[in-house]
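One chain, chain A, links the two complexes that follow: it is found with chain B in the first and with chain C in the second.
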Partner chain A sequence: MRRTLKHGLIATALLLAQAPAAEAHIVAIRLGDFYAGALHPFTDLQDVLLWLAMGLLAGSLGAARGRWLVALFPLGLLAGLALGARVGTIAANPAIDAVIAVVLGLLLAAGARVPTVLLCVMAFALAALRGAANASDLAPNTDRLLFAGGLACAGYAAITLIMALTLAFRGPLSDSSKDSSKDTSKDWRGIALRALGGWIAAIGLMMAGLAFAS
Partner chain B sequence: MSLRSLRTLPLAAAAILLSQPALAHEQADVGGGLAAGLLHPLTGADHLIAMVAVGIWGAQLGAPAIWVLPITFPLVMAFGGVLGILHVPLPMPEVVIALSALVLGGAVALRLKLPFAAAAAIVAVFAIFHGHAHGAELPGSANPLAYGIGFVVATGLLHLCGIVIGTLTRWPAGERIVQGLGAIIALLGGYFLLHSLGASA
Partner chain C sequence: MIDLRYLRIALLLVTALILPRALFAHEATLGVLEFREVRPGAFIGLWTMEPTVGADRVDLKVPPHCFLRLPELNCGEKGLVGQITIGNLGADMSAALIKIIPLKGEPRSYTISTANPVVTVLGTDAPTIDTWLELAKTYINYGIDHILLGADHLLFVLGLIWIVNGGWRLVKTITAFTVGHSASLAATAFGLIGVPERPLNACIALSIVFVGVEIVKQQRGEIGWTARYPWAVAVTFGLVHGIGFASALAGLGLERRLLPPALLFFNVGVEIGQLAFVLLVLALIWAHRRLDAVLPRWGEALPAYAIGSVAMFWFIGRLLIVLST
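Presenting the complex of A and B:
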């Protein structure tokens, strides 16, 4: 055990020591645009908050409703990015982001059973909006295909992971769509998810206040 | 979640932390704003004890208060926060915040069993004043959005602390400890109230 730990520490030290050098090579061969697209949304709190809210809502509704987002969300990001790159800079509107956060947070807090079609439309629209917002930082020399690939991969990975973690957290007993006779609203895991919805809606409300104040 | 998947988490965290991509729209001082927001409810003793008292009282009242409170309180508080951001004045905010600790601590100490609607109304009024105090400082923060996220999360965690403390009421000795804690909160609230009245006089 101690030996494994020692090897692990040495491997970690080596990883830390060589990380910056490896990154320079990736950028030099222009794959950096892929990573720029993949990590760009995670540098914006609006993206992080809204993606998280969407994933939590979809995950809380169960696998049957949420699985469509695995494909739709990255496609929406690509559609928005293409639109943003074609039309020109589409500045992200803080008030719209705030309203989306409030709506998603309230739906999660209320434990609303959002129909699958509506959930898909909401997810695609949100992804398109955020995709267009991410297009605003495309430079003339950016490889757009690589950037789009990175963004779509990030969207796919993030939404799938958040939904999967939410589903795993809720557990099979909480999936009321399978057994409508069980009232799961009192289940603490469901309550914790709904409390998170309250937090997201509260943050959205303050974002709206900030948008109106500025 | 299996133990094997948990073992991959440190590796994933290291991969994310080690990456240094081209961050075109990196937001200004997210860490600073987040830290300021997280610390604001924790460094103000009047906020801190009132938020913990809300959680304890919710636990004492039982369902539905124990689960409605953590869901709705941040929303009502954020409404107060918006009033603060927009500089909408509220009457004697410091006095009401101190009063909130006194009233909520007293409710815990006396095991006050009010109807849910009445308890919710009392907590909602205090939530608006607490939110107003946080919101007034929000636009001046280095990163207002990060500050807002920080203070909502900190407030929610303080409620959680209160609810966890409130679970002691399952045992007779725990009930007495909780009531004693309520009395201490009420006394502190009284002290803050006298102090704020003295300051405003």
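Presenting the complex of A and C:
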């Protein structure tokens, strides 16, 4: 358990260490377009919240369902980025982001057993949406391949680490072999995850309020 | 062991798709500006190495009490003391060396880079504690940037992690790599050894080809040199990579008296960047284990060939550069 906690802390620290690098443009000047692509989503609250919500939901459903997102999520980001770059900037819609946050939060709070196929479709669609939103900061002189590579790597690393940390938090019963054999949602860890889902839904509601008010 | 192979496949494939762009990752775009004091507080500035962006387009900003219209710089009685920066650092000019030759005392050099866009020019009382702090800030950042942008160094480290497969052996191997590159970095910086940069870059690419071949051997069940003596391979190729690190420092034209601390801080920066990369890879390996996320067996051989292909691409490209000069 201590070993798991240690690994978890390391992974969390690595993830959080990227957050303070707030200005993607400064990063682009200093470290180039790959790192600009990798850090750009962490400068946007919508990306941070929605990626976190999706990772928590997928992780809470167990390894067998969540592991598909390791590949699908970065692919969705790439598809969305390509679409956004090709058809022009697709302005991110705060209302849609807020609704997605509410839905993901409620699913997590309710402990819904989302089927694998539906989870994959949701994750791909969300990633595509956010990938397109990230295309908004592609400047004419941005190396698009490097930016896309950075974004996909960030998506892969973030979703993989969040899902694994969620699984580790839930404990051994969330292993794939025991995935559906016993409902762990009633122990304190499951309750904590569901409470977190409630918070995400609440943040989504506030975002929706702000979006409709402005 | 088996459950990790597909993580490595995924990591290396992603890396292999992106890394060919980094062929010229270490080609710096530098400029060198020399200010020579002709009377107290008055300087004549001259670009001894003009940046590729063009000297006229450099947005040089000097302390507020100074008046600059190149080639003239007048700072009055207060002298040239304070902050100097360049407003338009970027891809066209990643760093500039400012050399100041005063009427009295030793010439001084300051490096303005994207990692450290503002330098503080110190008075004739330097070196002081501020000098050391300034050096630490500049060169730790420069070391971190250099390793993070050095895709070839990171790919080599990734190959070592692949072959050694975690645990104390990995700690020893990475330590051996650190010892190797630190030793050759210091030896090169102090002029004890000297290797031309371009052939060296080709050799660095070859070292990654070697690691790729070792991975293929391991997959075939053969025990290669790296699997048998990982620390020896790491320290040997660490020596080669360290000379490459030194070439980055050499381009900045440091004062000799400031070289030891600058070298130390640069190396600390390189280690910080390398450690962050190793920890990230280890965290992802742990996450894949936790998720039991593995790919089909048919793709097992792809990454080793991808790593070898990318490295060969670099090698051929760098060899062509050597032959064309």
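Going forward, the second predicted complex is superposed on the first by the 174 of 214 C-alpha atoms of A that agree within 3 Å, B and C clash if a C-alpha of one lies under 4 Å from a C-alpha of the other, contacts with A are read in each partner's own complex, and residues count from 1 in each chain.
Throughout what follows, a contact is a pair of C-beta atoms (placed from the backbone, for glycine too) under 8 Å apart; a residue touches a chain by one contact, two chains touch by 3 or more.
This is a predicted model, so every value here is computed, not measured.
When the shared chain is aligned, chain C comes close enough to touch A:D143, but chain B does not. By the document's definition of touching, of the two partners only chain B reaches A:H40; chain C does not.
Of the two partner chains placed around the shared chain by superposition, chain B is the only one that A:M207 touches, whereas chain C remains out of contact. Shared-chain residue A:M163: touches chain C; no touch with chain B.
Once the two complexes are overlaid on the shared chain, A:G32 sits against chain B and chain C alike. Within the superposed three-chain model, A:G171 lies out of touch with both chain B and chain C [touch as defined at top]. Overlap of the chain B and chain C interfaces on chain A: residues 32, 35, 165, 168. Against chain C, in their complex, chain A makes its touches with residues 7, 10-11, 14, 17, 29-32, 34-35, 63-64, 66-67, 70-71, 141, 143, 145-146, 149, 152-153, 156-157, 160-161, 163-165, 167-168, 175-176.
Of all residues in chain C, only 10, 14, 17-18, 21, 89-91, 114-115, 145, 148-149, 276, 279-280, 282-284, 286-288, 290-293 touch chain A in the complex they form.
Those residues of chain B lying in contact with chain A across their complex are 1, 14, 18-27, 30, 63, 67, 70-75, 77-79, 81-82, 85-86, 135, 138-139, 143-146, 148-149, 152-153, 156. The touching residues of chain A, when paired with chain B in their complex, are 12, 15-16, 19-20, 23, 27, 32, 35-36, 38-40, 43-46, 49, 109, 136-137, 139, 165, 168, 186, 191, 194-195, 197-199, 201-203, 205-210, 212-214.
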